[in-house]
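Next come two complexes built around chain A: one with chain B, the other with chain C.
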Partner chain A sequence: MASSTRSEAQHRSDAQNHSAGLSSPAQLDSAAIDALTAGEPAWLRDIRHGAFGRFEAIGQPTDRTEGWRRLELAHANVTPVLPEPSQFEVSVSNADRKKGVVAMPIADALASHEPLVREALLHARSGRTVGKYSALAEAVWQHGAFIHVPEGVELSEPIFATVRAGTYPRFIAVIGKNARAAIAESHHESGRFVSGLSDIIVGENAHLTYAHIQQCGPQTVVFSHQHARIAGGAKLVTLNFGAGASLAKSDVEVELLGRGAESDMLGLVFARGGQQFDYHTLQGHRATDTRSDLLFKSALDGHAHSVYTGVIVIEKGAQRSDAYQANRNLLLAEGARADTEPKLEIEADDVRCTHGATVGPIDADQLFYLASRGMDREIASRLIVEGFFQDVLDKVGDERLTRPLQKTFAPHLEQES
Partner chain B sequence: MADTILEIKDLHVKIGDNEIIRGIDLSIERGTVHALMGPNGSGKSTLSLVLMGHPKYAVTHGDIIYQGRSILEMPPNERSLAGIFLAFQYPSAVPGVSVGNFMRNTLMARHKGDAPLTPAKFKSLLDNAAAKLHIDPKVLGRYVNDGFSGGEKKRLEMLQMLVLQPTLAVLDETDSGLDIDALRIIAQGIEAQRSPEHAILLITHYQRILNYVKPDKVHVLVKGRIVKEGGPELAHELERTGYDPIIKELATV
Partner chain C sequence: MALKEQQLVDQDYRYGFRDETANYSFKSRKGIDHDIVEQISQMKKEPQWMRDFRHKSLDIFFAKPMPAWAKNEVLEAINFDDIYYYMRASDREGKTWEEVPEEIKRTFDRLGIPEAERKFLGGVTAQYDSEVVYHSIRKDLEAKGVLFSDMDAGLREHEDIVREHFATVIPPADNKFSALNSAVWSGGSFIWVPPGVHVDIPLQAYFRINAENMGQFERTLIIAEPGSFVHYIEGCTAPTYSSNSLHSAVVELIAKEGAHIRYTTIQNWYKNVYNLVTKRALAQKNAHVEWVDGNIGSKLTMKYPSVYLMGEGARGEVLSIAYASEGQHQDAGAKMVHAAPNTTSIITSKSVSKGGGRTSYRGLVKVYEGCEGVKSNVRCDALLMDPESRSDTYPTMEVDAKDVRVEHEATVSKVGEEQLFYVMSRGLTEVEATTMIVNGFFEPFVKELPMEYAVELNRLIALEMEGSVG
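Then we have the complex of A and B:
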């Protein structure tokens, strides 16, 4: 594994570029995993083999498979590929490193902080839903970031994990009790196939803002599984930003495990051409007095298609849970389409649970109002789309993570077809 | 010689199968203020939206000549660039777009290719207009009409007018729903817009505003037709009598 260090900016260090040169096995099987993971600790290889078994046990999805029916698989090759060389970097400020923050490639963390990594990987799995591609990612990951923010530490700068190439990215963030952090995981891969797995563990009374940013290449099929475990009194704010890929299918699971745990779950999708986005979210209320607030918005141009399925689970003991879920879709072209479906599984009786979904074109009066001020259709719709997304970005509440995103969706608008 | 800015000729307008404007003739000259009054539902807002080019309304007959050329085929954004402005009776909210950002885009739309508007110049332009209308600068950071009170919306319409300096301003009930002080401020805004270069069509229900902004002419619209015209004294008369005498008079014709 080659490694190079370069400094991104003066206040940054530990910006590492990793590329893994693999001796490629011929096909994805148990022997391939042995070959890929030679030299890793036994506990990790056990996890990988277990996951690979789950991957093999689940059949290849077709457009008749539950959870896949609304997608057009004819336009996307979802057959997994062998791991390809990766390129990624993790950056953390010197000041934060001095406070004991660990933010580095997992491979490095395995060498220097094995007990921490082991605990995180074992702990992260419980409660996580099994999916074919996330199981595969868990089995064969070759690169990714490990982040550990110790108890009570407040990050002064966000941590950025940026992936530019590779097939099975892995991401693990552990936020200690009473710690405060902001982390962005961004993806810019452009190969044919990517399946990533992200685990997030937020300790008691901690606060984490986490952005998962997907700006992969236009030909790339991207799977992402994110699973977060939130302890009592802690708060997680997540943003899923989706703009790239030909087909992107994401599972975003948040489990509120301790009393008073909270999560704001935000999503922002800008799709055009023939892009397909599928988001499945879980708001898992597993303790009393927990609160979740979800807002997923997509703007769809061309003949893009978005599918949203949002599950709210409130367990029997999770009294006084408060769950909110909203999915809003703005159709910018006649050919664009959005499917949205809430699912509620509520076993407690003293709860508040609200959900709502909308699908519709830009409001004609709104468009006319902007036109009456001299703006042409392109400028007017761009402004309306920016405005449509603004409340999502506002709710993230951390401009350091969202400012770079604002520019990325603005110039993409297509002419009305 | 009167320099006619707007000439509406035998205009008929339908929405669906419903004819709402049923033959309007109206000329507005540069430097003048015309008041348009009339009962609820008589078609005042329809006329204003048709002037601006709302796609929902179909002009089935007649013409609208603005500065010498028909604008029926002109899209709304071009009408705006050509100097027509409508202060909406019910302006739309644009959530997520700040007033500042919105105004920057309206100005950029009309300065395409010109030297770019510097941030400093933009700011002073906006701040000046806001000061004239007693608008708290904080409002410029809020989202356009999103959660605005009725009066705040009217002020924002006026702010846009003062910044854009349109040749023809159509103000659709900009004086409605205002408290006494706000009414005076809005009236000052209209007076500031009044100039030998500009023309104003003031749609109103109240003679009150006309105490501040003296119109050159008053037109009364009933059921899609202008049924009476006169000077400022007509507004006073209507204030006293209401529309009933006019409507009765029409019925007997």
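Then we have the complex of A and C:
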């Protein structure tokens, strides 16, 4: 296995690695940002203060706030907390490191590759939607990974970034022109509150497969905001996998900025008990001849609740855009709920744009078919759910990223009945 | 082609004439307050409960904000103080055609109402501005016990039925515009169909706005008793005038057990009319409600016909088309609320945007907990005719029950090059070919209409398409 060769390049980071300025401020305010970021370059502190201003400008969401009203906030404490000690690792193979690939804690990258980090952080922000919690993450992040794959480099092994503890993870990936890469960002935090922000920049004709895996603790409220900018001729394949957290609210934004840019956006949610999942997706067609294809699936057990809101935007002039969006919900129990709102906003005429959404139980015909082959009803249901998911995993097209996931969602299915 | 030239001359607005109707017998001053409401109620000699209802509704109107979800700067531009809320063109209703004032007749003549009458297409209730001026019912309908009158007469003559059902489907507090309508409503249709009665011919009403800055707030209530059937058709055209006009109707349908109501609308207001309408139906056990809804005119239409499926086995259907050209926004859609098991619904929406026009589909399918066996299918198709136009789709599905099938599908595209090429290779011009394709696109809607309406709609589309290519 590659893990042994990779271990020497593995970066571990614990809270104590961070600057001594982290002497627990009393509350989240501008002074706290100053205290937390003492010693950082001025440009970065400017970004942080700007973001904090945006965080403060947006009121605390209630169940009447648009974009929040479908969630039961009474069952989840969404009040932000002060940054907590973090624990995470990012691993890259030695071979890839030798090709000039940078994959390290963002704090380390700031020290060793400041110009690269600066350019990425400044560039990444444009076009990203402002959300209250993503603005907070942008203001107060203390840990996370910086990944840079230089022009023309093809990664031989995927890069894995794994977060086990902490509050405001920050993640930046820059894929140079004509480069090829696969990256997995996994979350296993179990504190009360997590809000992460990930920026992905894909250069011309590059290819990136990116998996965002959320397996946080059952009591954790998790916010996640991913924003990707895709240049001409480039392709991004994303997978969002959601299984943990008490309430998980995610924004997944993809902007196709250059001619011929492509994006496949995949999502899998397995929700049980009283879990609440809320995914909001954007397929932004901002250039001609762009293509996007979205498939988000959720299976809902117990009295879990899934909210999906997705929008395809085709800008004026983005002719010959081709966009597809599908949301499929499988209701496995009486108390489960699914809300789906797939939206289209089209301002160009030479386009092909289609979306579909379904909500329903396990197909009775499929169940009957398997049962007629002598299969136990529960096993049959499990197989059908597995098939429902496998379809999405196959579309990712990179087993190195999805194989570990098959293992992780299998136990859920075991426990399901 | 001579015909084509004539079409080009006419294309601006087919019903763009305007009668100089200066002799309005009563015209309230502009703006809205409790005095105006009191005046309206006094003029109509209404019972105290209706007067109280109007005043209460006005307070709700003042208190309610504009719908925030719409984010519509066009909506914000409405100046409620610059609108007449009540006007009556003649002091009394004509019982026969001869009694209808001459100049009003002339307007109707050009719209073809007498033909409709001659063809015995059922009772005609024609609304000229706020008050119903002409109204007739065929004798056989009367014999069956069907009540069909304007809403004011309905209130006078059948107060018990009205009081029992009025505002039970759409309370004043439903939204800002239903509150406004509840305060100042005037005219509209009242229909009551006795149990088991099948009304074979469609009942029709023409609505028409005439005076400048004239608000029209009709109120329609249709009650179909158990096992009955009725088809009501409402078609609107409005003459040309310069400043914006507000049309805000409330339409309530009640389909009792096993009853079937079909409600057909063709909305072709002139392109300065705000058409902000609340339409909702209750469908009880095994009842069936169909909305057939066509939106061609107006500056801004916001209309989402709904069916609340309250009893087991109830069915709801919405078939809707929208056409938006320059300066128009058709924000139309449908809502299906499944509040009982084994209820089914179908929504089919088709829209065409041209010349910078914008069409939006906004819809809701809601399935409440415990409503097993629900089936719902939503299908939206949009055609974009040029790069300036815009199409949005905002469907929402909320499902709280397990054994249900809720499906939504939507497509947005332009008229296919191959389709055009194929038709043109048969010798048609591009305009003719486009018209043919658009007519074909609307076909599922058009074929649900009575013949006269179908013919008229096809002609309207042809006129609209004239300027679309080249």
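The definition used in the following text is that the second predicted complex is superposed on the first by the 390 of 417 C-alpha atoms of A that agree within 3 Å, B and C clash if a C-alpha of one lies under 4 Å from a C-alpha of the other, contacts with A are read in each partner's own complex, and residues count from 1 in each chain.
Here, contacts are C-beta pairs under 8 Å (C-beta built on N, C-alpha and C of every residue); 3 or more make two chains touch, one makes a residue touch a chain.
The structure presented is a predicted model; accordingly, all values stated were derived computationally and were not measured.
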With both structures lined up on chain A, is it a clash or a fit for chain B and chain C? fit
First, second, both or neither for A:Gln390, with chain B first and chain C second: first
Please name the chain, chain B or chain C, that touches the greater number of residues in chain A. C
Could you look at A:Asp349 and tell me whether it touches chain B, chain C, both or neither (first, second, both, neither)? second
Does chain B (first) or chain C (second) touch A:Gln27, or do both, or does neither? neither
Contact-wise, after the overlay, does A:Asp376 reach chain B, chain C, both or neither (first, second, both, neither)? first
With the two complexes superposed on chain A, say which partner A:Val359 touches: chain B (first), chain C (second), both, or neither. second
A:Phe368 in the overlay: touching chain B, chain C, both, or neither? Say first, second, both or neither. first
After fitting on chain A: smallest Cα gap, chain B-chain C, Å: 14
In the complex, chain A touches chain C at residues 66, 70, 316-317, 319, 329, 331-361
Using the touch definition from the top, list the residues of chain B that touch chain A in their complex. 52-56, 75-77, 79-81, 85-86, 88, 91-97, 101-102, 105-106, 108-110, 143, 160, 164
Taking the complex as given, what residues does chain C use to touch chain A? 68-69, 369, 382, 384-414
Touching residues (chain side chain A, partner chain B) in the complex: 363-366, 368-377, 379-380, 383-384, 386-391
